[in-house]
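See the structures that follow.
Two complexes, one shared chain (chain A), two partners (chain B, chain C).
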Partner chain A sequence: MSLWVDKYRPKKLDQLSYHNGLTENLKALASTGDFPHLLVYGPPGSGKKTRIYGTLYELYGPQVEKLKIDVNTFTTTSNRKLEFNVLSSAHHLEITPSDMGNNDRVVIQDLLKDVASVEQVDFSNSAKSKSKHRFKVVIINEADSLSKDAQAALRRTMEKYSANIRLILVSNTTSGIIAPIKSRTLLVRVPAPSETDIADILSGIAKKEGLKFKPDTDNAKQELFRNIALHSEKNLRRTLLCFETLSMQSETINIDKNTLSLVSIDWEVIIANLAKSIVANKSVANIAKSRVVLYELLSHCIPARTILKRLLFDLISLNNYNDNITQELTEYAALFDERLSLGQKSIFHLEGFVARAMLILDK
Partner chain B sequence: MDYNTESLAVYNTTPPNDILNANLNTLNFDSSCISTDILDQGNIYEKRQPKEYWENDQEGKPVKHFDGSATYLRRRKQNNDTLEGIRDEISSTGLIDMNDLFKKVRLKSAIRSEKTRKRETKKVGEKLWTEKYCPNRFMDLCSAGNDKQYRLVLHWLRKWDPLVFKKRPVEEDVDFKKILLICGPPGIGKTVAAHILAKQSGYSVQEINAANSMDKLPQSDTPSGAQGFANVSAALRLKITNALTTNSLTSNNKPTCLVIDEIDSSANAGDIMKVLYDLVQLDRKKARRTTKPKTFGSKASSKEQKKEFSLNRPIICIANDIYSTSGSRFNKSASLEKLRQISEIISFRKPHLAKSSVNSKPGNSVRSLKEHLMVINDAEKLGMDYQEIGEVIDVCEGDIRACINYMQFNGRKINTDLIDPPKSTNKSQNKDKHMTWISMVETLFKRDPRLSKDESFNYIMQLISNGTGQNAVNLSGNLDKVINACFGRYLDFVHFQDDSLYKPNMFNDWLYIYDLFSKNVEIGEYASMTVLKVWTAFSDVHANSIMREQNLIPNHRSIDFETYEASQKNKSIIRSFLDNAPLSTRTCLCGGISYNSQIPMYILPYMGMSLTPVGWDSKTPGSIKAHEKIMIRKIAKFIQQSGIRLEKSFDPMSGRYNLVYLPDFDSINSFDNIQVFSTRNNPTSVQRKRQSLFPLIELELEKGQVPKADPISLTKTSLQQQADEVPQFKKRKTKTELVNFFKGKYDGVSQLTKSDTSEKSATGAKIWIKYNEGFSNAVRRNIGWADFWS
Partner chain C sequence: MLNRNNDDDIVTISSSDESNELISSDIENSEDVIRVKRLKVEQDSEIKPSQQWIQTYQPNSAKDVCINPQKLKEVRNILDHMINGATDTKLLILSGPAGCSKSTLVKVLANELIQRKSPARFMFGASTYEKGNSYTEYSEQSIEGTGQSNHFSEFLMDSKYRTGSNLSLILIEELPNIYNLSTLLNFRQSLMEWLCTSETLPPLVVCLTEVELQGENKYKDYFSIENSLTVETLFGKDILNRHQVKVVRFKPLASTFMKKTLNNIINRERKIFAPIPKKSVQEYLEGIISTGDIRSAICNLEIWARQYKYTKSTDEMYREVRLDFFHAIGKIIFSSSNFETKDTNEIDCLSVKEVQDHNDNIPLISLSLLENYPIYNDSSYEIRTAVNITDYLSIGDLLTPVDSHGDIVLRSTRHYLRRANCQGKRRHGTLKFPRHFKAMREYRKIESQIKLFMQRTGNFQLSFNDLNLLYGYYAPQIYMKRFGNSFRAKSWRLGGSFKEIYPETGIPIPDEQEDNSSLDDNDSAFRELFEKLSTNNCISTSEVSDDESSLSDPIESEDSDDDVFNDSIDNSRIGKLVAFSRSQTHEAKGTERGSEISIGGKEASDTEEDVFSSDPELNDIISSGRYKI
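What follows is the complex of A and B.
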């Protein structure tokens, strides 16, 4: 038995439970036997990869589930050896550019040429109609973190080798992807599931796992599921983990106000406390204190932009969604978010936002 | 050549030029003669001959140099003893002018002392102080806050005693980790400590490091380069095993302790680690076999018996950064991950520079370092005081080696100062010509009350653009340090001055400019303008007192680096967690298969909560309910699948045993330094839960063990571990056999001899004779006493 995230992951397009229109489109796409390059984007935990694998299953059958990890070595021009993981099946392979650092351009060019120069021959089921898929699928994760160079290198490759290769780019936003790539791909947006969608999934799982709830009424349960969904920012992956953790804590899940505090994550609590202290005490000494907190968060591998975003939302809610303050805070949060992505010293910019927020709230 | 008479002659005789010339020429001649000696031994007599012939020739002798130019050599005028000159004077006047004679003698002795002084100073300069003052005894070691670590190293070495010296057979001590991994920043005495502590414990040290040319191993210099390279792993293995099993004649019959230095930056680090790993595995195998002779003794053939190897000499590895997984400068496929698992890790630290609170004295660590440097200071008569040494330590950031180098470098300058009659008391002369970044920061925050604002701004401007401060701000590394230090301190100044929120905001925009500009090469030089802003915004007349008294961020100097280090460490933990997890879990947990920020953010925290649920504080195996059993089974199953191990780890800082999951993601989930309201991840409560939880999980794991193909190693107790690894070990046995079969004859032979020695190595270690070690004509053979006496 494994984690619920793994256990209840749909394998086929038919098993998907929400965004039905999108699923229909993908099914139609797969049934034609050919499809254009795809750019699938959406927030984390909305089911991008699940849909991609569902489509691949539709195309190639169960063979795509036989996955293996290869460690590819690549020698760069400066004679340095580079290693990166490639997840592959007989019909597709999957790479993550963040493995490759600055050399992603060379690696991607090389890898794609390698794959594309070999035509797929499928002996196993040549009689069936599926044999006409003479192309391999390459999935590129975190496509928005590809360097501009690498993206520029992709655009020509995409056209040149389109006979043998199909690319599926996966990313959270399209903002990091250059326009020529966008124009060469079919953009597929996978939005986050709605609260009702998540609640449906959770109640299905609860039934299958035989979970017990304290006030065992449907209303209370629905309320809890919705709260979990909101608590985990409608990230389905997080929702499932959170729900499983909750179920591990005790035999019956008591539905009351404190239920969710059982599964609150420490760093989120810390940021909430930080926001409170910013509102309460606007002084230079408090900037120094919050700097220590920010350092601690960074050392725990929490991305700086996540800290910024979370802090902004906490601040806004602490000020009761006052229009003026919200507007100003968001404006500056956007500014510092830009600085974070342009610069390297994230602590400067995080502290900058804290200082700025104090100034705004002080007025 | 007799310097004395020469110089006196120069003093006496009026035209000294030709003598000097002659001297010069003879020197030339000599040197050319020597060089020909070296180059061509056959011709040496031919060259010598003319020399004799030339003694009769007054005219001089043309000598050709290697560059084709010719010089005429004239015979040096024979300078008879000085007394001759005096005798001349006697003969001419019949009387000796005593004053004159005294003068001459005084002069002579003065010149002699001058010469000897010069020679001495030259000799001192030849040796680096870092070598000269390298500690040789335990008492000489400068602890610099690492006393605890030293004791741990000694403790670890002590564990070897029963194995190496056969002191007392202690059963439970046999199962310790056989490799020690010392890590820490450069220049804090890791290597020295390893050497001295090993010596202290009665070992002779053999060192392998990145420098002593791993590729020039005795077995690897085959004619074709490729073949030699392929063999390097085997050769390395031979070298290490030889070092471990043999006693060299020079080591006074002391057992060897192998020290592998710079293991992280060595060119063939991967190979070394592989060899070490194999050795440890072989050793474990052997240990298991001896403890369980019933099950395996019968199966093992005599051939296998010979091949088995037990590790009975300590190995100490030294590395700077044991988490350098992403370095990839060399072949880092193995990284240190593998080694970390099989070795005991002791991390050395830099002395803490940051003063913990306002009024506290510098910590013991810094004081001991200061005293250590003071000893050198006294021995070299540098005349520095404690404060100056403190400055040196600050500049070098606690790096002892750098401190000593710095002192040596500046020590010379001080020497020249002492000779100059008007001894300058100005301390700034002792410093480097360029400003160090620390003094730069100090200058930036200072404002001179005597100058007007414009004047002092111009002064700073000059300093940065083309004065001595140029170095401090224009080298990107230094500028970064300066900016970081300013960033660390500026809040203190604002707090002191007007405590307004405007200044931090304004300065932050400048920091952004710095951050943006320093990345760009073309406009990089403008990045230093931020430094000017520091001065205009924050400089204060009371800078010194602010620096001393205000301290909003106690560890502002080190916090940036500490954060960086901690995040690197956490990332490597996440990677190792991912590597262990099964593929399906990996794909659904994080979208891709590689590192993803989702993991530290959500996945590991939830995992930590699931694996140590609430309400387990006081549970005994008897009092668990049905659903809790199910829960434990679930946890156990998950642990089994994702390759997590349960382990009891010793925390040297608190001196307690902690129960942890391995890979240890506690450090990612728990925020020790910040008070969180939820006591969820409070270490003590987590430990309490685990106390009752772990035995249950283990029980469950053992139950589920049997049908599973690949077992999980439980290293909690040695017995369980053995039980677990039995099937694994079976597989490995056949593998190593195959590998051994394909290795060259060299290995085969050495393996046989090696295993022989290993069985009785502690008492009857073999004697090897070494000749020309490391060269192609090396001789290395086994000798006995008969060879000595025949």
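What follows is the complex of A and C.
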């Protein structure tokens, strides 16, 4: 009963459909049997993890798909128990440092030391086995959310245990990652797929699932797929989810532009409404009212920076991309974005931005 | 002449000379003799009272009680109705700070009202029915030989029969041990039983002195009974929401009533006050009256008056005035009213200082200022003012580690609100408690549900944000469509639909049970989905688990490449789940695999709950704050 996103996720590098040059490079890298530390970055839903797992498959074969989850506990100095998940196979393990909060440095150091101190043993001594790799791969998700402290510690670890460990850092941008790490890793950029790439993937899936369209012409379908891709900001994961939701709505997908409604995600709608109310009613009372919405979003685990970014874009588009307003809004959004990452309670900064935006728009 | 008061064992000595002879000849208790002799040596012949004023001047009738007449009337009416059975109120709760005449009032009223109701009883055997008998007090020692936990309920059981000719008011001032969850729940249970009894019951009154403890309880739960004993924490929502319960809240006594009572005492103790200049008496009175605590005021007055001739000082020895939470916020938003004569800059400066002196909990104050700045003049002032305030609050948040960040937050807020350009008449909204904690609670609940979803569906490779932002919205819709009509829940989203969060005007009521038991639509939909997911895969589950139990390492069936069967991928998923549940429980029985998965999940969710109930940041903030309405 898996979703299409998971069902049609390629398992091997060969099955990947776009960024062929990149795929060739990864294949070449894997075929040497050894590779340097990697920093894979790119926008969400562009296929970073899929490519990493494809590479691992190339290296180790199907064994990397036998995943198991361990819940590790770590006791911090202040005696608080910290639980985090480690996803692992015989050849690699995967961690997400955002589970660890402020203790990420200690946790990662401990974990890597543990992994590195055990030398990789290969039981499969058949001729096929590429016994060259005596290292374990550690995938660190959301590497840009690692604290500076942890990143500094990581760079020592990278050198010290480079015989036993290969790190693959995954992040959306390289801006949150310190220069010493960037210089110690091979940077692999995975750009978002183009609309055509996405349209190809969608039509492939439509064929396999036997979807019916009306009108059933190639042009109309291509147009629909492009629309979905744009609507989902070229995020392939989102595109597939959106497409599947759409296909679930009726037996045949009606491509008629007027009736077709692509589902907008609820939290985006809420932010869009907030932006509208900011533009419509610029008063202190409305600032207080928008706090209700901000808390609503925050309490639903929507990251504050996502809210800020989305709100900024919505405000800009509501003001018809007026140059002066765009410039000023962006300037303050950048300021509050910095404060969000420095500060502790996001509500202060979000409300600060809302108030500021009203002042800018009031002129 | 020696006069022994039975209740209190306090010796009163009259001032005549004969008494000394009597004492020495009459009393065998040598200690008393020694004490009296000493008194004689040290003191002049004119005064030798050893009963404290607090007892001497204990009011005998309701009109003498130092209290706002309106409060008196309110409580008298309620009690009157309760005694005469004219209302279904069965429990009266009086709460307030120490020394605001709560219990005195109840005792006096009990005497008055019960005597009036059955005067025959008092006329008939006046000697046996002393005044103490119109009320029965609970005390931990009152019942011997029973376990501590049953103490209270047995006391209540016994008290039930104090009706009719034996009528008595049941007063609970001393609480059983309520610092332990099970005894606290027992306490509530007993009260609940009392409330649900249909027979006529004697009036039950609880006098609660609300306290907030500080300091050591930093890591205790948010607003638990341990760091703040209030009506809410003690009784909980269930009891307070019942119509048989009435709560009367007392405030610190107003100065006019205090002054009246104290002046009365000064008049009657003219002898002692004679040598003290009128002016210094007045000055001292001003000081002790500001505490709003009549008991401490009388005690202080007595000590001060007696010692005056030795010390001649007007030094302040009385208890410090407290500045409660909302009061402090009000002082920043509206500026303090204590310094009206000074110029505006000085008022602002002093208001900020006053708050800083009494409150070291700046993060909480910052949140409250953010919550409350728009109530100034009902939000009708310029946006620029709001921009400046929020800007400084935001900077204040960045500077939280710096000690002086309170200065920035408090001063800037006061500064800009002072300069706010208000049109028309000033009308202010009501102060609210910051909703931040409410939002945080919601956050943790949703977070734990998303993590649970991640564990149940085996989506470990997804990031939390993707799950929440994308899957959280789309996946439930897709699953619901797939299961079609058999799915009962209508629409839902991972973590529940978006809820608007509003602040509360009072201090939030904590609830121990709420978090575990509340089942909304979302939870049931969530549960249903997992039922469906597991029934759809039940055959493959057992296959996999059979494989598993024979091998020590979790191994999956490797059929994932050809997607002929939809279930093939789920096979591997379930393998993951099994591995997961095994790593948690370590006891695997092939047939019970399905239930084991849910146990594993449940454990995880439980630990999640624990994390959420103890949040150090929040507790830090709370424990150093003071909360009073």
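Here is the rule we go by: the second predicted complex is superposed on the first by the 343 of 363 C-alpha atoms of A that agree within 3 Å, B and C clash if a C-alpha of one lies under 4 Å from a C-alpha of the other, contacts with A are read in each partner's own complex, and residues count from 1 in each chain.
In the analysis below, contacts are C-beta pairs under 8 Å (C-beta built on N, C-alpha and C of every residue); 3 or more make two chains touch, one makes a residue touch a chain.
Keep in mind the model is a prediction, meaning the values are calculated, not measured.
In the superposition on chain A, A:134 contacts neither chain B nor chain C. By the touch criterion stated above, A:160 is placed in contact with neither chain B nor chain C. By the document's definition of touching, of the two partners only chain B reaches A:250; chain C does not.
Of the two partner chains placed by superposition, chain B and chain C are both touched by A:355.
In the superposition on chain A, contact is made by A:273 with chain B only, not with chain C.
In the superposed model, A:296 lies in contact with both chain B and chain C. Contacts of A:67 after superposition: both chain B and chain C are touched. Look at A:262: by the touch rule set out above, it reaches chain B but stays clear of chain C. In the superposed pair of complexes, A:189 makes contact with neither chain B nor chain C. Within chain A, the residues touched by chain B in the first complex and by chain C in the second are 1-3, 6, 44, 49, 67-69, 71, 80, 83, 85, 87, 94, 96, 98, 141-142, 235, 237-238, 241-242, 244-245, 248-249, 263, 265-267, 270, 282-285, 287-288, 291-293, 295-296, 298-303, 306, 339, 342-345, 347-349, 351-352, 355-356, 358-359, 362.
Within the complex formed with chain C, the chain A residues making contact are 1-3, 6-7, 11, 44, 49, 62, 65-71, 78, 80, 83, 85, 87, 94, 96, 98, 141-142, 235, 237-238, 241-242, 244-245, 248-249, 263, 265-267, 270, 282-285, 287-288, 291-293, 295-303, 306, 336, 339, 342-345, 347-349, 351-352, 355-356, 358-359, 362.
Those residues of chain B that touch chain A in the shared complex are 328-333, 487, 491, 494-495, 499-502, 504-505, 508-509, 511-512, 515-516, 519, 552-553, 559-560, 562-564, 566-567, 570-571, 574, 582-585, 587-589, 591-595, 597-598, 600-603, 605-607, 609-610, 613-615, 625, 627-628, 631, 634-635, 637-638, 641, 668-671, 673-674, 676-678, 680-681.
Contact residues of chain A toward chain B in the complex are 1-3, 5-6, 9, 44-45, 48-49, 67-69, 71, 73, 80-85, 87, 94, 96, 98-99, 141-142, 170, 232, 235, 237-238, 241-242, 244-245, 248-251, 261-267, 269-270, 273, 282-285, 287-289, 291-293, 295-296, 298-303, 306, 339, 342-345, 347-349, 351-352, 355-356, 358-359, 362. Put simply, chain C touches chain A in their complex at residues 363, 366-367, 370-371, 374, 378-387, 390-391, 393-398, 400, 435-436, 438-440, 442-443, 446-447, 450, 455, 459-461, 463-466, 468-471, 473-475, 477-479, 481-482, 493, 495-502, 533, 536-537, 554-556, 558, 560-561, 563, 566-567, 569-570, 572-573, 575-576, 579-580, 583-584, 604, 607, 616-617.
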